[in-house]
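Below: a set of structures, written as structure tokens.
Paired with subunit B in one complex and with subunit C in the other, subunit A is shared by the two complexes that follow.
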Partner chain A sequence: MQTIFEKSVKGRVGCQLPSSLGSDSELSGLTRGQLDAPEVSEVDIVRHYTALSKRAFGVDDGFYPLGSCTMKYNPKINEDMSAYAPIANFHPWQEAEDSQGSLEILYELQEYMRVVTGLPGISLQPAAGSHGELTGVMLMKAFHEKRKDSKRTKILIPDSAHGTNPATANMCGYECVQVPSDASGCVDLVKMRELCDQETVGMMLTIPNTLGIFDRNILEISKILHGQGALLYMDGANLNAILGMVKPGDMGVDVMHINTHKTFSTPHGGGGPGGGVVACTDELSQFLPVPRIEKSGDAYTLNFDYPHSVGRVRAFYGNFGIMARAYTYILRHGKEGTRRIGEFAVLNANYIRARLQGTYNLPHQGNCMHEVVFNDENQAQYHVSTMDIAKRLLDYGMHAPTIYFPLIVHGAMMIEPTETESKQTIDEFCDIMIKISEEAKTDPEMLQQSPHRTVVRRVDAVKAARNPVIVCNTCCT
Partner chain B sequence: MSDHNIPDGIFYNKEHEWVKIDGDVATVGVSDYAQDLLTDVVFVELPQMGKVVKQFGPACVVESVKSVSDVYAPIGGTVSEVNTALESAPEQVNNDPYGSGWMFKLTGINSSETANLMNAQQYKEFIAKQAH
Partner chain C sequence: MPYTSHTEAEVQEMLKTIGVKKIEDLFDAVPPQILQKGHYNLPSGLSEQETRQQVTSTADKNNNPKISFLGGGYYQHFVPAHVRHLAGRSEFYTAYTPYQPEISQGILQSIFEYQSMICRLTAMFATNASMYDGSSASGETCLMAANITRRKKILVARSVHPEYREVMKTYCWAKNLEIEEVAFDVQTGQLDFGDLDGKLSEDVAGLFVQSPNFFGVIEDMPSLSAKTHEKGALSVQIIAEALSLGLLKPPGECEVDITVGDGQSYGLAVSGGGPSFGFMATTEKYMRQLPGRIVGESEDVDGKKAYVLTLQAREQHIRREKASSNICTNQALCALTAVIYLSTLGQNLQKLALINHQNALQMQRQLTEQKNWKRSFSAPFFNEFVVEAKDTQSVLRKLKKVGIAGGFDLGRSYPELEGRLLVCTTELIGQPEVQAYLATV
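== the complex of A and B ==
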């Protein structure tokens, strides 16, 4: 397939600037004379991107069971609302007094986030989960620095953690200390007690963890940390599982981030941008980014007057269009509906666990939360690996689950159906997984060479990583 | 489970690195078991020359198609030499983990720290337990 640059023909034009922007003579001097953009007609560009979209696979195409990174369906009402002209055309340079409706949306969303987290301090600024993490750990740093507690340099991170956690700790200049998991997949409390001391900044914990397990010792964990003057950071990547059922603030969490693109159904990945809402205790809220969106009387205001703030972390108010989608999603569900999101997410994952247990090996027994982690131990005797199973799923028109993560499970397959999927869809997925396990016995070679029905067959990932061929047609030709 | 090559005469740590002591110099790499778990290594981020590492502290990074992992120093010391051949041929870590796949050398070592490490027999028993 040709790239859009290869389809370019000099002088071919596909669009005209709207006359409201001004005439050519008015725009001269403001526009670039030379721009290395492809020159194509409207029909060329429509066909090009339609062809690309047919080769892609997303949650609008079929089942998409990516665990730990909740990839849930984005209801179209979110798009309707965010495309509503006063929201879509809201200009970031408008004064606060001319932006009351938009600020009201953001203020009310903050209020809902307070209810969900049980934490009073909220910032909607961070533009991604990782950005929220960075902001959250900056708050922890500011907290210790204000107390002149400079000997704290270590952040405890469980071995089941998301890779962003150690990355965040490093960005803040801290040293990561890995805490092992016990046989049940939870934090090893004995080891944690040994590692947690007066040099500990805090701990970054995903709740429920990446094995899909709710750590039953969470209150003890927060007690150990607080006993040493350290803080508990919650990675909210898996908040979907406990939505409306338990408030992080009640578990001793001091600061956390929420991925609106996971829990609150805003677009994800390449379709983002993301949203990394930060929530924290009253004690930490003095350090939150400015401006903070507040209400005084009937007016919504931007308050910059927080001398201990870590400062601005994002231009304007964060990704406003994304927050408008999250706000829509919460309003659409209401309080009871929000609770059902968590309940159905957990029910669906446990249904898959019950149907596939035995067919696939389950390294950590017992009920799971929103995601279930199997591995390929039962298929190893046929020399069929997790990679082969994942590739074969593509042949059946389903997206593969997250594989080889968490790292503490050898050959992990992490399946997260989310609350959106029906019993019929989940049964279809389980039937296919069972069928693949039969294929492993009867025709392992076919699995090892899968996928067979996709546009691109199995790619040589090793060769691609060792010998990347990177060609830029724009400036390097 | 397949048999891994665990040679005698060198020491191993729980993170699956090996260290060979020659007088004042320690040579470090990852074990055959580690390279098998990692799968095809695609990149090794070697440590800076002169970097001081503590025993069991992170020293460098190894990247495979599956994951990115820290390589821990089985023994403390100062990085005195790095295997730059791995920059263009990371597959040596898979092909010859105890030979041309070595990663870095340390000087200024305290060889008594090897008391905290496993010999080949102990390491074989350790990975046999890991597999289950």
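== the complex of A and C ==
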């Protein structure tokens, strides 16, 4: 399909401009030459981007079991509320007294987050999960700095962790120490005890982990860390599994982040915008970013007076429009809905586990949480890989699971259905997965060459990286 | 419970297939003492109708102005209706990072078009698929500059957006980098070259200058880049009002090494400061140092043109602790909104930017001539400017009474500029709005 630049027709216009108040300028010598931008009409634009939307696949198009991404349904009311004029037109420089509605929304969302995490300190400022993670590790750094505990330089990270964890530690100037998993997929406690010492800043742990397993030793893990003066950071990417069921604060978590686009249904947007709420203990809350949103009498206020704060991590209120969506979502759910999210997310994943076990190899036995990880071991004899299975799913109108992650499972397929999928959809997915395993036996070549029904077939990623073409060179002027 | 479909019979059927009696049995790995038995202490869920009522009535407590002269990093511009309608298509907003290119060509192509648009606007060689926002992108750029130069000191102009500076300071502290401010010239409002000469040394990784700066004033970027390069440091231009790229000499023509900014002006609501997106663009030399996603053009097995995520060897999911940034996805939906908006404006973006400048100049002159307010800085500005009113506080109060946000009181962020007002005049301000302002003060 042509790019918008290739559709440009000289002299065509897409919009009319208002008149200006004057004709003077003081920019002589400071201006640019003609801008090389496309000249297209409004209808051209509408057709072009509508066509592009039809070449995209979202949760509204079909089942999207992308593990660790929690691709749940995004309620339409959320979108309407964030576009509501008093929210959309709220300027961040308005004084607090003129921003009471927005501050109340943020404050109430903080209150909810306090309850579900069991952690009293909340910041809504980070703009994404990775940004929340960065903020959280900054809090740990500030904690040790204030205690003048400067020998701590190591962060423990399990080998099943997301790549963001080590990268975050690096951004805070820390060294990463990998902790192996044991045969059951949990943290190897013996190794962890050896690695955790007085030089340990803390541990970054995803709970439930990327294998979809709740680490049954969690209380022991936090005890080992605290015994050495280190902190427990929880990567909340998988919070959906335990929402309403377990409070991270009760597990000994000191600080964590929450992805609003995962657990709280704010849309993934094709890759952002997200939201990265940070929650922490009372002890760490003095280090949270400023300003803090507080309530004094009937008024909501911005408090900048936290001298030990790490400072700002983002301008203004963070992704306020995203928080308005999350607020809408929690109002809809309340206490009953909150617990149901965790219950049904786990029910659905275990149902898939039960239906596909045997057909696909399950490296880790036992009940899973919100996601289940299979691999391609049973299909290897037919020379069919996880990649082939994932691509074939696309032919059947479903998104693929997360593949080849976590790294500790060879040929991993990480399947997360979320609570919003019906039994019929999940059954259909399982039937297709079983059918694909049959195809692996009868027609492996067809699988190796899939997908067949998509607008393009397998794309050459090596070519793209070897000779990068990252902009369109068609000139419009 | 909203947004789920299981009936009780279906739940029972599923539990039977799994081989457990009740849902709680699936949580057998959780230590019993921390497994919650009942509901949390929260209100009950609301119907959609009640939710709408509650959200809107809460939001209505905002006292948003009817007419706004507020800018300072977030700008109100006119957004044609189709921009939101197209970006609101759920195929776009309910998708995620395009890991499966065969069914994500629409997302990938829109990002490719976005990259093309940003490179044309900035006249830079390469860009990524967006950052969180201008402030955090500035913070990330501190790390990038330090990585490239292997130096540990950042210089930042005091005329950079105050909240951007705070964010940069936080990022620098975390990575053990030093950050120092460079003063502005109180006459011109531009960077103080004398102060810069004293601070720009061989240990500086990068000089971060915003242009137009927080006062709306346009900096002499070519001279600043030249000075910076003499010391082997990088020249970084921050742009908070992206509309200015339509009119002003782009960073790529000013020897700038990296440019970062906020794209909110390209079709996005002010929305309390987010979501918008950050952009980051650089030269060919530093392309592989960019954090975040990049989309490249390639082919499928049949030789058909296709787009795919590329240069991933830089990224956290491959490099892990060796990655210089942890950024994963970006603000794809906001970048999509921007590319739709920018396609709509096309070459008219230049005219729109000029209208913004002309409106601001006209407004400034009327305040100076009719109200005897003093223009604070002599250097040329883009679409906002600083003036000294006689009694700023009472002026702002009077304007607020008639529903006008009269500008940003600079004393809130610059004690040395107490009583000065930053006034922004976009294309949304016409003669009636100007008259209403003048009549009130």
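The working rule: the second predicted complex is superposed on the first by the 446 of 477 C-alpha atoms of A that agree within 3 Å, B and C clash if a C-alpha of one lies under 4 Å from a C-alpha of the other, contacts with A are read in each partner's own complex, and residues count from 1 in each chain.
By our rule, contacts are C-beta pairs under 8 Å (C-beta built on N, C-alpha and C of every residue); 3 or more make two chains touch, one makes a residue touch a chain.
Keep in mind that this is a model prediction, so the values were computed, not measured.
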item	value
Touched partner set for A:V310, first subunit B, second subunit C, both or neither	second
Per-residue contact with subunit A, leading partner among subunit C and subunit B	C
Which superposed partner A:H410 touches (first subunit B, second subunit C, both, neither)	first
Contacts of A:T281 with subunit B and subunit C, given as first, second, both or neither	neither
Contacts of A:G163 with subunit B and subunit C, given as first, second, both or neither	both
Which superposed partner A:N259 touches (first subunit B, second subunit C, both, neither)	neither
First, second, both or neither for A:E79, with subunit B first and subunit C second	second
Which of subunit B and subunit C A:A461 touches, first, second, both or neither	both
Touching partner for A:N209 - first (subunit B), second (subunit C), both, neither	neither
Common interface positions of subunit A, toward subunit B and toward subunit C	163, 405, 461, 465
Sites on subunit A touched by subunit B in the complex	163, 404-405, 407, 410, 461-462, 465-466
Residue ranges of subunit B in contact with subunit A within the complex	37, 40, 42-43, 63, 65-69, 90-91
